[in-house]
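Across the two complexes that follow, chain A remains constant while its partner is chain B and subsequently chain C.
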Partner chain A sequence: MPFTPDGQRAHLIFLIDIEVCRRIDTATWTIDPINNLVWSTPCPEGIPSKVEANGTQMVDEGSRAGVQANDNSFCYIAGTPNLLYVHVLGDGEPIDEDPYLGVFHWRRYGTEVVEYSGHSYRPVLDSSSIPNVSSEIGGYHEGGTSFSFGSIKLLNGDGHFDALLDLYIWEAKRIVVRVGEKDKGDANYEIIFDGWTGNVGWGDEVVEINTEDARTMVS
Partner chain B sequence: MKKIRILGTNLAALAGTIVTASSSATDWPIANLKTIWPKYVHRTLNLGTPDFWEWDFGVAPSINYIILWNHNFQSTATVKLQADVHSGHWADVDLPLQYGVHWNDHVLVYFFRRPIANCLYWRVTADDSAPANPAGYLQAGYAYLGGFLQPAYSFKEKGGGVIDPSTILLSDGGQPSTNEKDAYETYDYDFSAATPADLVTLITYFKSLKKGWPFFIIEDDSYPLNVRFVRFRTDFNYRPFVAGYKSYRLEVEDAR
Partner chain C sequence: MMKFTLPRYRFSAADPSGDYVNMDPSAEGLVIPERYGTILNLKPVCMNLLTGRWKLNRRGMHAITEIREAGIILDPATEYSTDLLLGEFTIGTTPALIGGTPYYFVLESDYVENGVDYLGIGQQTDGALYLDGTCYFINAADVWTDTFCDIQFRIYVKDTMDGPEFVLIDNWIWSPGWNYQAYLRKAVAGDQRRLAQSFLTPAGGPWFLSRIQVEAYEYGAPDPARTTKTTLLSSYNPDVQVGTKSYRMENYSGIADWSYFPQRAAAADLTVDIEGIEDGGGNLMTQLADVVADIYVNILGGTLAKLNAQDLLDLAAARTQILALNIESEIDMESLMKTFEAGQLWKFIPLTDGTFGLKFAATGEPPGTPHYFDPHLKNFRMTRSWESIFQRVKIKYAKDGGDNLWLAVEEESEIARYFYKNQKLLEIETYLTDQADAVLLAKDYLGTTGSGGRRQYLQTPKILAEFDLKGGQGWDRLPMNKVKITRARGMSATGALTGVLFRVLSVSKKQADGSVHIGAILDSQTY
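For the complex of A and B:
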């Protein structure tokens, strides 16, 4: 069922997905005993959404043998612990900044406890902070309008984000905002913003995340 | 006469209590069984034969009540409770507790009139595989294991209400445009008297739970399923009654 509120009564739910990054080139690496070009490091977050080397997405080869055979590749193998295997350009051990390596995964928050697309959303998104979407005319060289979504707030009274903001990179990462009605199924949710996170403000009780248009140059 | 019970000290939620399960789905970890959000559930990865939740208390607790809130067991499931003084001996447990369970479609309650105080390890098992639970997994939102307070004097009156936190905007003509939220209930229990000892326990509960942490109330000890999962809605106040006894009011609301 598509998102079709009748304009008189609805039970709206907002969801945000943020693809945060953890820098891993400074992590501890272990060479694979069989594949001499493959190095591993723990990946407790689970299956990554992507892995990047110097800003370029690495290829998921699915196996250590595949990683051994291909530069700029990775694979993830669940276990105790979960491990991420990489083969970087130049065939050596990943070391600090050579190359920059980042492992990404999605973190999900909603205005209430929600299951969407098989994922659980933590109920800490402040619905009163959901801003209006506005569009503005950009400069001639930008090629059209750009969208602004202001900032969203995540409740942090319990300090849940304190360690997470330290561990992961939240700025300049993809953010997707959806709206839907309760109990109307996954197809009911529609994307209302798909762009970048901007600056992050971090208070005792609230984390405020600004947003940027998807065409904004971020680095 | 109704005798209220207040389950204010959850040993299963203590930081030192280790909780494990037969399996856990990625987005529904076992840690959810301790969160204050009962809808934020733990889920098994798939249906086991059986599935289980297991608690290691470190030191032997005193257990009268075991409650699983917001489960999804079918009425055809086989549910058992086990307790043991040793770890990992579930096939030959010291205390196979396969009786005394009360449950409906969202809450499961075990009650022991005399507390069991020598078992460090507790386990709830549920086999919901025949017929298979259509969800394809088992879930539980919150678990309580611990004792209870039954005040010497139960409540004399009970009030309550239903709160609708929906946002309603009115046109000039008074027609509403509504962004609905889930309605929830409040409960107010008036107590004529509390003994000095009961008052000390109630104050200890409130100072521990405060207004954020949920707890269970069983309004009538004759009906174990007459259980509410609530949190304090207001500060705890009491007034002089007679000879060291106090009158007081418990104002709570559904934990959500």
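For the complex of A and C:
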């Protein structure tokens, strides 16, 4: 069912997905005992959404053998612990800055407990803080295009974000905001903003994440 | 003080000192420069057209390293004199020609006379071609012998010192029988130690001699390092010289064709390289602490005691890059200080003891740093400032004294590029002179270098804290002070702040409720 909110009676739910990054070229790496070009490091977050080397996305080969055969590739294997395997250009050990490596995964927050597209959303999104989405273009002779979404607030009374904001890179990361009506299914959700995060503010009660329009960064 | 516009003094023909009565009129009202360090390609101001005196600096200076006219280096031994205590120099006298008067130009050089390697000057063997003069050979005993030939020449003059140049006498005729056999310093015996050509000026004048053209030919290989010059005489035996000798002919195009004479004119194309004001030890002043103190005391008129003495010593030890500063156009003290601060990462701050502090960030916890805990704090917030990130830093240094263009270096952060996708460029103007210092500064701004002790980490988000202090805390804090924070919660790897140092950026002391609002940056991001 498409998103067709029914005026004031509509029970709207907002969902926010932020693709945070953890820098891993500074992590500890272990060479694979079978594949001599493959190195691994723990990946407790689970399946990464992507892995980047020097800002370029690595190819997910799905297996260590595949990673061994292809440089600039990775695979994730769940276990104890979960491990991320990579094969970097030059075939060496990924060490500090050679190359810069980042592993990404989505963190998901909603205005209430909800499951969307098979993912659970932590209900810490302050519904009263959802900003308006604005977009505007000037005439050709005026130039200028603006897209803005303001900032979103995530409740932090339990300290959930205290260490997370330090552990991951939250700035300049993709943020997708969806809105939908309760109990109307996944197809009901509409994306209302797809851009980037900016400044991140921390407080005892609330974390505030600024947004930047999609043109701010080259992705 | 910060609104004070430098320099203080201006060129004026009406200056009570009388020093500028005969100055270049176009310089009226221009500021008299204050110059520090090594500065290249300066355009001096002619402070006395009659005496050929030029002003480079309001006060004494360390050295004039080179003067060039039209790009040709002048000889400090013979072609100008300096008065470093006054920041001035004097070039030679422009020969003046009177109408209807005979003159002699005399060519001389300094290469070894060996009969093989010498110059031959182009001459007309038919003496009837030019009737107003003749060529002389002058031997080692200064005996002049008429050759009944004429050197082929042109005399260039100006009606006024700054007027256009024109040919006054033109004896440039390639006649039958011409040759290069007016030899200069050919014979070991010195029979043609010098050459002279007489000429007669037409009625009119006076004129200012700008240059004389002859044509020379190299026989053999006369020393290329030779110096050939031309002297104008009004009579000989004894020689009566008019004005100053020409500049070295070999410096100009051709083999030895052009004898340029000094031009005591505002339009003279002079450029100068200097070393500016000296420090107290008679050395060139290049260090930040010295320059700031000198400006404060000797330009602004302040007293040295107002600058915190310990801070001056500390700054002198910590910031040792070589500087050069050319204050030749108006600039207010605030802009000047901003460039100083940005170029060497320090701050000029009024302290509460009546002195001015010269502060820079350093590691460690200074004595007396207050330690604040949860009960002292309210409204505690932290920010990771993505907006403060820069991907590239461009440092402008070694500003040219002539065209005011900068040299520049750029450094780029891959961390800012790959992890923060930030493409901003930070541009910093400095008084640095050395490329290595500029490169290090750029690295220090980004935080990409492993040394320097003054890194700013602009390649990653600034970690900022803002909070209010209760109970009378924080009233003694000033920007650049440190505070230590311990909180059960905070944005950190552990989720807490345990004795974390922050450097104060802003302080707002609120009389109404006795609280103090502080904005601060994580201390380890400031050096």
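Some points to look at:
By our rule, the second predicted complex is superposed on the first by the 207 of 219 C-alpha atoms of A that agree within 3 Å, B and C clash if a C-alpha of one lies under 4 Å from a C-alpha of the other, contacts with A are read in each partner's own complex, and residues count from 1 in each chain.
Everything below uses one rule, namely that contacts are C-beta pairs under 8 Å (C-beta built on N, C-alpha and C of every residue); 3 or more make two chains touch, one makes a residue touch a chain.
What you are looking at is a predicted structure, and each value in this text was computed from that prediction instead of being measured.
In the superposed model, A:11 lies in contact with chain B only, and not with chain C. With both structures placed on the common chain, the touch criterion links A:21 to chain C but leaves chain B unconnected.
Contact with chain C, but none with chain B, is seen for A:203 once the two complexes are overlaid on the shared chain.
In the superposition on chain A, no contact is made by A:81 with either chain B or chain C. Contacts of A:185 after superposition on the shared chain: neither chain B nor chain C is touched.
By the touch criterion defined above, A:119 reaches chain B but does not reach chain C. More residues of chain A lie in touch with C than with the remaining chain of the pair chain B and chain C. Of the two partner chains placed around the shared chain by superposition, chain B is the only one that A:46 touches, whereas chain C remains out of contact. Across the complex, chain B meets chain A through its residues 26-28, 37, 39-40, 175-182. Of all residues in chain A, only 7-12, 46, 108, 112-113, 118-120, 122-123 touch chain B in the complex they form. Residues of chain A touching chain C in their complex: 21, 23, 52, 54-55, 97, 100, 102, 159, 161-163, 165-167, 169-172, 196-204, 210, 217-219.
The touching residues of chain C, counted against chain A in their complex, run 380-387, 389, 414-415, 417-423, 461, 489-496.
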